[in-house]
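In this document, chain identifiers A, B, C and D correspond to the written order of the chains, with residue numbering beginning at 1 in each.
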Amino acid sequence: MQVELVRDRIDTQAITDRLKVGEDGAVTVFDGIVRNNTRGRQTLYLDYTAHESMALREMGELADEAIARFGVRDVAMVHRLGRLEIGETSILIAVASAHRGVTFAACRWLIDTLKKQVPIWKQEFFVDGAVWAPGEPFPAELQVVSSHGTP
Amino acid sequence: MQVELVRDRIDTQAITDRLKVGEDGAVTVFDGIVRNNTRGRQTLYLDYTAHESMALREMGELADEAIARFGVRDVAMVHRLGRLEIGETSILIAVASAHRGVTFAACRWLIDTLKKQVPIWKQEFFVDGAVWAPGEPFPAELQVVSSHGTP
Amino acid sequence: MAACQNRYAYGMRLRVLFFGVLRDRFGQEEQLQQFPGHTVADLLRYYRAVAPELDQLWGTLAVAVNQQYAAASLQLQQDDEVALLPPVSGGAGCVRKHAG
Amino acid sequence: MAACQNRYAYGMRLRVLFFGVLRDRFGQEEQLQQFPGHTVADLLRYYRAVAPELDQLWGTLAVAVNQQYAAASLQLQQDDEVALLPPVSGGAGCVRKHAG
């Protein structure tokens, strides 16, 4: 199981090559890449920051849960931090197993869950300034403040 | 759109790099690899053959249909033929689009459909001989002979 | 008169390709010089009579004529390329465990 | 007697980390030397009173204590690391179009 936060270019080929073993028949890979536009505005670049120790722990727990829940053999999850240019990979998730169905399901679940609860934030830089991406709402059980506004 | 049959190693990184453009936010990749066992027997290697001209036409039509049906931006589909060793990639399918949901759905549909109707066959070599893999039954509309046995 | 009703009264020339397990029995291809039938179904019946021992396989085939899947009723033409296709097994290493 | 009921009667020392949009207002972190409250909810109320202008953001946060998501009722301890977390936006470039 490879779970990492990195600051350099993510090498998809090396990660998937390292993941595969003889009994695998399928690897499904999700490659999240920096788009040239955000909500209709032209993006110059992005900057990702994380609560690093916590993000690593959360990612490791998600990988464990994916293996247990979907019965896949192994998972690699690598997120890049710092400044990323258009077209670069921000997140790579690779899931290997003997059969393909579970690799698709686990990979999809991992990216969907990561985007809701792994503490990583994205700042978007435009020609006329920067904004923090709005983010996905936390699952209700993680959000501290009740909807009427008092903790 | 890249649709190919090749006899050399499939370079996943090169194919996905070539596929991506600025407006893409997600690439889902399915990497089908040669397992070290088949129905419980230890596999030495595989040999893939195709009705090549027809397989290329079928793959091109599936790629077109995936783009139309799922609204993804682009698709790459490369199948390798000839002798493949354990751990090597036999099929690579990569789907790029702005958003991830459709890339998962289209990629899954492409591999499932390819395995049922693209004319490629696999011969499995074991220590004590070779067999043609049983294959997936054709969809009823492609099968020529009715179930009671007379064409 | 017979020649007017059917240009190929003495049979038509077909190129027949074999794939997968059929290659073990028939080789890669053969040229039929004077095939006496008319349709895809006729051609399948012909080969079935040649190799009845392949048994259940005959009930699982698809046929492509000039690289397109064809129905049993399709009329064959002089110089058609006809491919006999067993269930396909391309893609990944993970075939479901069903009877061969 | 008060000291027996609460070891930190004069407040406890906390390390508070800020992320995402909260960094624009509070910086990366601060050390609270004598935080007078007891729970995660108390700490959130404290910062909310400092920066009421952040408004709706306060209703969307999660809090981690020592790298674990924490409930509002969790009792804080001396030297805890508390992180205030706005909705996360890691992963791919494809955020659904909802209001910021």
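One rule holds for everything that comes next: contacts are C-beta pairs under 8 Å (C-beta built on N, C-alpha and C of every residue); 3 or more make two chains touch, one makes a residue touch a chain.
All values derive from a computational prediction rather than experimental measurement.
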item: Subunit D and subunit C - chains in contact with each; value: A, B
item: Which of B-D and B-C has more C-beta pairs touching across its chains; value: B-C
item: Length of the line joining the C-alpha centres of subunit A and subunit C, rounded to whole Å; value: 50
item: Chain centre separation in whole Å, for subunit B relative to subunit A (CA means); value: 26
item: Between subunit B and subunit C, centroid-to-centroid distance (C-alpha), Å; value: 24
item: Where subunit B touches two or more other chains, by residue; value: 25-26, 30, 32-35, 98, 100, 111
item: Residues within subunit C bordering two or more other chains; value: 92-94
item: Arrangement of touching chains [line / ring / star / complete / other]; value: other
item: Chain-to-chain touches, reported pairwise for every pair that qualifies; value: A-B, A-C, A-D, B-C, B-D
item: Footprint of subunit C on subunit B - complex, ascending; value: 30, 32-35, 38-39, 46, 48-51, 53-55, 57, 79, 90-91, 111, 114-122, 131-138, 142-147, 149-151
item: Subunit A contact footprint on subunit C (complex, rising order); value: 92-94
item: Partner subunit B, residues of subunit A touching it in the complex; value: 11-13, 16, 20-37, 86-87, 98, 100, 103-104, 107-108, 111
item: Complex interface listing, subunit D residues touching subunit A; value: 17, 19-21, 23-24, 40-41, 44-45, 48, 58-64, 67-72, 83, 85-100
item: Residue numbers on subunit B that touch subunit D, as the complex places them; value: 25-26, 98-100
